[in-house]
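Listed after this line are the structures, all set down as structure tokens.
Common to both upcoming complexes is subunit A, partnered first by subunit B, then by subunit C.
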Partner chain A sequence: MRSNRVGWLLLAPTIAILGIFGIVPFLYVLYVALHQWNPFGANPYMVYNGANNFRRLVFDNEFLTSIAFTLKFAFFAVLSEVILGYFLAQLFMREFPGRGLFRTIHTLPLIVAPIVVGSVWRLMMTPSIGIIPYLLKSWFGYDLNIGRDATMAFALTVIMDIWHWTPLVTLTLLAALVSLPKEPFEQAQIDGANRWQIFWHVTLPMIRPAILATVFIRLMDALRTVDEVWMLTGGGPGAATRYLGLHIWKIVFPKTDYGYGSATSVIVLYLTLVMCWLLYVALVARRGQKRAS
Partner chain B sequence: MEHLVDLDAVDDEANTIVASPQRTGFLPIVTNWFDRVFVGIYLFVALELFWMRFLEQSIPLSVCHVLAIALGVLIVWRG
Partner chain C sequence: MRANRPILSILLWTLLSLVTLFPIYWLFVISVKPAVELFTTPSVLLETVYWKNYVKVLGDDTLRRYMFNSIIISTGNAVLVTVLAFMACYALSRFDLPGKENIFFWTITNRMAPAAVFLLPFFLLFTQVFVIGEWKLYDTRTGMILLYCTFNLPFAIWTLRPTIDAIPKELDEAATVDGATTWQVIREVIFPLARPGLAVTLILTWVFAWNEFLLAATLTSFNARTITTGLSEYVTTTGTEWGTMASIAIITLIPALLIFSVVQRHIVAGLTFGAVKE
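For the complex of A and B:
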């Protein structure tokens, strides 16, 4: 009983911080989502309107389109980052000259602020002054203009995200790979397993928790990406890169429609949690059940 | 005076404290009560949004409230 009290006492600061910075703002957003509130509109006061914001949301084609674009973005970005991150982690496991230097350089994008990443990529991609359109034009005769080409704008946001966040995946998977015991690998080699079998039956199951944690973190990040994309494409051309975070930003800041923006945020949180939970069920819970039965 | 901790006793105690009773209902995974409440709330929201989008013009939303709560209770009770 006494140890319980000490446990709660030690947990108290964390719970207090979580409550103040997590639960209370969420409840406030939920409260605002049930109101019509535009402080700069004709009526600047909050007016309760029940579920009308959510009702408006399910008929909002821009929102539904941005969900589709965001899911596509998150799928391509996270999948590419995990695959590329794994290969880079495997590369860093080997000894080669300049490994330390290469590892440091590879980690540098992580320390750059997203807004800076977006502006640098914007500078590199701007048709008249950017190096990439210039090189593509002179080498391949390809005219890159992300202000006109929706597919290319989408692809570039994905590539930018991969460039920025693959090092995080690499570091996580590298830490997981380094901490693996050698015995199962030696055992598998003695048993005559080939490289693919060792990867599939030994390495992958052992680093699964690390992969899952990384995928969760990256998925949540990808679903709420704003600043990089805002700097690179501004959500355009048209609505081709208007992802959910950017969509909410446009509702809340330029339009100052706080009630509707809050409702959108709540639904985005809902979607994120559902996706993470489904992923958890698919990869962990069902497997645990199989093992238990 | 130093306190010696009987590690075996601590382990035994830890083994007797099960985090929460788990069971298998009609949901395709092993769940505890928190999982079922979680699934219930998520299905509640999904059903409400679906109803608003496709059915509210012909059937009032209060019908959805009743159905969604009943589904939530069923999931928590039998899921």
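For the complex of A and C:
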């Protein structure tokens, strides 16, 4: 058995960097969350007010609505991305002419900055000047108005997220598929397994860790989306696309209510953490036990 | 059945590519239109091409500087993060460290924080804590490279861990028995097998750093300002210069595409080498 000292040494830089830039700011935000503080308000000083910010949150209707919308958004976006991304990664495993070119095209959305993605989608979708509402109107007579139709605005934010982030899922799953050993597949084919059986009993168990890692990443990114949705809908119409990231943004910037914004962030962070932890325990820890036994 | 599969694949991909490309094509359309034409009745095809936006953007020294900063920051950050994550994942996967699963989970929590509120402590750290005499971490490329670790390092550790875990332990045990040091095991055994995973991690962390906007907008002013932030200077509340913004956006795709095509080859390398031989 090698000494653990080498292991800790390899981990040390990661722990140091994340400690300084992760834990220290978190403690600061936690401290501010316990105060009434609006630096541009009538009283610009921090006033300690215990758990009052948190008490206010429990009855904050806007906040609770925002949680519901955010969860809905994350669920639809991440589920579609993972299914579509897996399917596309499998297609890339096949040999066909032009594969390199198509792979490059498929990854293009990733390299467009979220703020640009939001701007372009907005220019495409705005009624009367956008190309998409224009085409829908002249081809199908359908009126697309994301300024008024809350359901369509919601659906468009999901579609935009799928367009932008499916390539990430495809790439990570492709890397996982590429490094799988070949023998189990050959064995399964010899045993006469059909495609579905191969997927269910051979591929899926082997790439499950990679799928999970991707789901985690996409889930927490979807939960804190700001730039794209801000540009596309600005959170509207009403509060239909005012997701948590945007919600906090609106508390902190136009209103400069730092105390309340910090408390909201702490709770959002806590909720995200609990959700991911539950998923992690339910799905990943089982893998660990299996290996140990 | 097998014979006509390539044609099916090509057909399917052509269709998908049209969907993928349309918003980017539209970005290009916006970049070659004068401002007044943007708000007339839209048409899918381009009638006239107006290059003035590009002339303006390419002749701008400030933007060239921002572009340079972006390249240094993204590349520096992606390389740093990939190396650190590779080391960390190797430690998490191969050593029996007490509490390592908790450390693993803790790393990811750093990516969960909603950005808006955390800007303030970052700003204070950068302007008041990390100060040596005249020098501040604020508005430096080093500062941004380190700061981007908060969202990229968790990502890299989470994408790499399954790859490292999937490499059979027998391989490095065998190498150790043959007298290889830890460093040799990492370099000769783990690294070649983890290459597709490392390539993906490098590409994606690079992209995240390249596209980051909020932190760069708050923590840089001129010296270390990135192109994404420079581009957003054209998106204002009083009226956006869509054409200028779009032409910068199109230009920023070029270095990103170059990096992609270079690094992507390593994912394909995995495809041709076949898989782990046990």
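Everything below uses one rule, namely that the second predicted complex is superposed on the first by the 271 of 293 C-alpha atoms of A that agree within 3 Å, B and C clash if a C-alpha of one lies under 4 Å from a C-alpha of the other, contacts with A are read in each partner's own complex, and residues count from 1 in each chain.
The rule we apply is simple: a contact is a pair of C-beta atoms (placed from the backbone, for glycine too) under 8 Å apart; a residue touches a chain by one contact, two chains touch by 3 or more.
Here the structure is a predicted model, which is why all the values come from computation and not from measurement.
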item: Subunit A residues touched by each partner, larger count belonging to subunit B or subunit C; value: C
item: Which superposed partner A:P25 touches (first subunit B, second subunit C, both, neither); value: second
item: Contacts of A:V274 with subunit B and subunit C, given as first, second, both or neither; value: first
item: Touching partner for A:I159 - first (subunit B), second (subunit C), both, neither; value: neither
item: A:L283 touches, of subunit B and subunit C: first, second, both or neither?; value: neither
item: A:I129 touches, of subunit B and subunit C: first, second, both or neither?; value: second
item: Contacts of A:F102 with subunit B and subunit C, given as first, second, both or neither; value: second
item: Contact residues common to both interfaces of subunit A (with subunit B and with subunit C); value: 273, 277, 285, 288
item: Complex contacts: residues of subunit C adjacent to subunit A; value: 5-6, 9-10, 12-13, 16-17, 19-21, 23-24, 26-27, 30, 38-44, 84-85, 87-88, 90-92, 94-97, 101, 103, 105-118, 120-122, 124-125, 146-147, 149-150, 153-155, 157-159, 161-163, 165-166, 176, 182, 193-194, 196-197, 199-200, 203-204, 207, 210-211, 213-214, 228, 231-232, 235, 240, 242, 245-246, 249, 252-253, 256-257, 260-261, 264, 267-268, 270-271, 274-278
item: Touching residues (chain side subunit A, partner subunit C) in the complex; value: 1-2, 4, 6-8, 10-11, 13-15, 17-18, 20-22, 24-26, 28-29, 32, 88, 91, 93-98, 100, 102-117, 119-121, 123-124, 129-131, 134-135, 163, 168, 171-172, 174-176, 178-183, 206-207, 209-210, 212-214, 216-217, 220-221, 223-224, 226-227, 231, 244-245, 248-249, 251-253, 258, 261-262, 264-265, 268-269, 272-273, 276-277, 280, 285, 288
item: Subunit B-facing residues of subunit A, complex; value: 51, 54-55, 57-59, 267, 270, 273-274, 277, 281, 285-286, 288-289, 292
item: List of subunit B residues in touch with subunit A within their complex; value: 24, 28-30, 38, 42, 45-46, 48-49, 52-53, 56, 61
